[in-house]
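Think of it as A, B, C and D in the order they're written, each chain with its own count starting at 1.
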């Protein structure tokens, strides 16, 4: 219970304060888009991916949320950039199997690791990822 | 918690073993009749009163029950004998206001006093009396 | 830093967990800690006093039954209901659902109106919403003035419409602390033959005598919010209403004669018919001890303490530059202080508080309709009880300052 | 006079009330006493571990939520259900009512058949009777052979009728101890697409692994009969059934989005949507400790003890001239021994026992249909548990002898 919570690692705060590809305007229709919402706090993010030649050529997100939600979604869009759909699926699988300590996250998601010890923040962290899961399911 | 329970006073056991005016045959139609049943144990008694010249000229009961139920109903029919309706009403009122220690029961009902300390047997003791109450209500 | 009066320090000492814990517990509107006397009563009920209720002839069973019934009487006395008008449930939530399902729904017709206030907890909103959806009735929402607790004259006029069947309203908001002025609303509802349920979950501790003075048809509350056990609740309901209601649970202890085949069963007397199953003996005995505790509290001191601590919290928080208070100053004496930070998300604030061992609540507090009317998705709530100290509030301030350093 | 094996003496010592009391407690089928570990767990949950469940970010709230969810997992493991398939209720009674109301009733049509056995407790009879009355379905009653636990071939054939929608049956009679052979009945019911609910209120302690092996759709039980707290019960239900069911209570913690006006609300995930209101934290933690206790009991020794004590009671009672045994010798190992005296009323027997500090139960035991099939209004039940000693049975015999002297 140290006041310097491991949750708020520098990397996470950096993503929160400078979210990557966070945009105000709606995604154009060429993007694959899905939304994640958390009823407990009203958080609401939308993830958009532009796929060209089987790869993510642009990724971004919109919406509002707590630092964990924003940072996690920002990391998502950063990590997704350039991935193939298969890579995305694998990445999603890793993050989704959250509880199992064994899954190793890529470096760019390392800061998320801290959230694992806080089950009640899992929903916050997963909001954008759930949207990604939906995109993958429906594509 | 003495094994010689105050409940089973001699007078009560006497009424149980030798119930007064306990009969097998149904009451003739000239009798005022009502029934009391206790769902917990299936006890079921019927009280019958013959009223002539404003007085109980015959009283009796039928049915089965535990010793408290049988004895109490036996005492009832014994005490009721010869009473006027007003006297019956008064008597019923005394027994029905069961919980209040202040009500003095007539001598013939003294043995019932012991049952007062056992709230769970109240239903048993009141079965016949409830039937009397019904008779009084509807006459 | 602490500045408890002697009496308050004593109250605090009655709560073993509060006494021992490092945490600044500011979540009493969610659930309260238990005084020693409740812990002991529960333990005694589970050991020396343990026996089945209403079902045995032996001494322990008779004592258990008497003790159980004595709590019913105690609840009745507290709220000025007859003992038979007290039904033990698992929670305020079950109590409200029971009234909505068994009392209201069968008499509701399309076009009827059912009123709630915009302050309601989901427990006092969803059951009525469901009753309306099942019957084609309309759920209408009373706005309550935060400063005065009054409804508007226009809405009171609407409430007085003959279509009104029911008013279900909280005695105190679990978010903004506001206490609606119940008496005029009850009069209006009764004048058009509507029944009134008061959700006393938040206000029983400090408003029992006011509640008793009301002519409410139904009053509900939960044990765990009045220093008692979890898993036990109360439904106080007028006898003639109970006579109309079908049991919402059927089973042991509530039936006199089981009908054969298609024959209807005959239910037991009121209130037994509404308490199907083995009674929650330990819960009820613990509740009795909790109500004992509440009834023996020095009323004026408690009110003064809540006023002092609530105002202190309210005042101190109001000083912070980025804070928007949701609880009006006039409701600070309830000790329920909600607010948002203009630039930091409630979840983040709550988390930083947690990291400082300050227990506050972030979220919608099961009051989405209220959040919508405030046009916010969520907020932070610090809620005080008789054991809350200024030190707890000071810890909260430190945590908030830390959050500002972290996030801004 | 006592002749406990070393191990049994130890078991007895784990129960503070049994250890300290003068009473021969022979009413364990009504409710069981609590071992030290359960008392301690409840106390800890009410003090050190106390916090709101599922609603806070601070350490205590997270630990409370994890501990609560761990009991869900424990229940699932015990019965071989997934954790999400475990719903905490207030009692077996609520669990059964929930299935009858939310699962069965909406799919029941006139002419459908719902089966129960003649052994059922009212808790597993009245809810189905009500479902049938609401829908025009027919409640049918399976006879069970007391010696073998089997239903007749004719009735099994009837059960296999395509009209059969549901079979709700006890794992063990709370009166005569008989344990129906469930497996063949479940197969037959499943073959015609009917769902099966097993009422495990009486048999969980000693039959958990057998229950787990069954392919039941629903299993229900109550904490207080398995050495746990009052006011807490379990509904184990297959996920695809839960998906079909509307919440029977609505309120806090079970809704994601509250619909505005007439819009439908969106419920939370399973099982949260079935646990409206503040969770019964103390009850669940106590239940977890009770199941821990049960799971750690030396299975063979417990079975042997129950067999020994049940047979002793059965044998000794059978020797009395005026006694008619209702529990068959083949069910003596359940420890539930019911009988009547040919000439003394059960209430009188029960009273004399009570006067001897022998806690037995007189009445219909919430099983009027069974009483009717036995053609008796009531009976006496002496029910044993792992802490019952031969001395307790001997005390019962003395009391019965005294009753004979008194009444005959």
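Of note:
The rule is short, and it goes like this: a contact is a pair of C-beta atoms (placed from the backbone, for glycine too) under 8 Å apart; a residue touches a chain by one contact, two chains touch by 3 or more.
Every value quoted in this text rests on a predicted model; they were computed, and no experiment measured them.
Taking A-C and B-C together, the pair of chains sharing more C-beta contacts is A-C. Subunit D has its Cα centroid 38 Å from the Cα centroid of subunit B. Annotation: 79 Å between the Cα-based centres of subunit A and subunit B. A separation of 47 Å divides the Cα centre of subunit B from that of subunit C.
Multi-chain contact residues of subunit D, defined as those touching 2 or more other chains: 56-57, 59, 61, 255, 257, 347, 351, 354, 357, 362-363, 368. Shared interface positions of subunit B, defined as residues touching 2 or more other chains, are 1, 39, 118, 121. Contact between chains, using the touch rule, shows up for A-C, A-D, B-C, B-D, C-D. By the touch criterion stated above, subunit B contacts subunit C in their complex at residues 1, 39, 118-121.
Listed in rising order, the residues of subunit C touching subunit B in the complex are 56-57, 59, 61-62, 65-66, 255-257, 266, 268.
If you check the complex, the residues on subunit A that touch subunit C are 1-5, 7-8, 13, 16-17, 39-44, 65-69, 118, 121, 124. Of all the residues in subunit C, the ones that touch subunit A in their complex are 345-348, 351-352, 354-357, 362-364, 368, 371, 376-378, 399, 402, 406-407. Within the complex, the subunit C residues that touch subunit D are 16-17, 20, 23, 27, 30-31, 33-34, 38-39, 42-43, 46-48, 50-52, 55-61, 90-94, 96-97, 121-123, 125-127, 129-130, 132-133, 139, 222, 224, 229-232, 248-253, 255, 257-262, 264-265, 276-283, 347, 350-351, 353-354, 357-363, 366, 368-369, 372.
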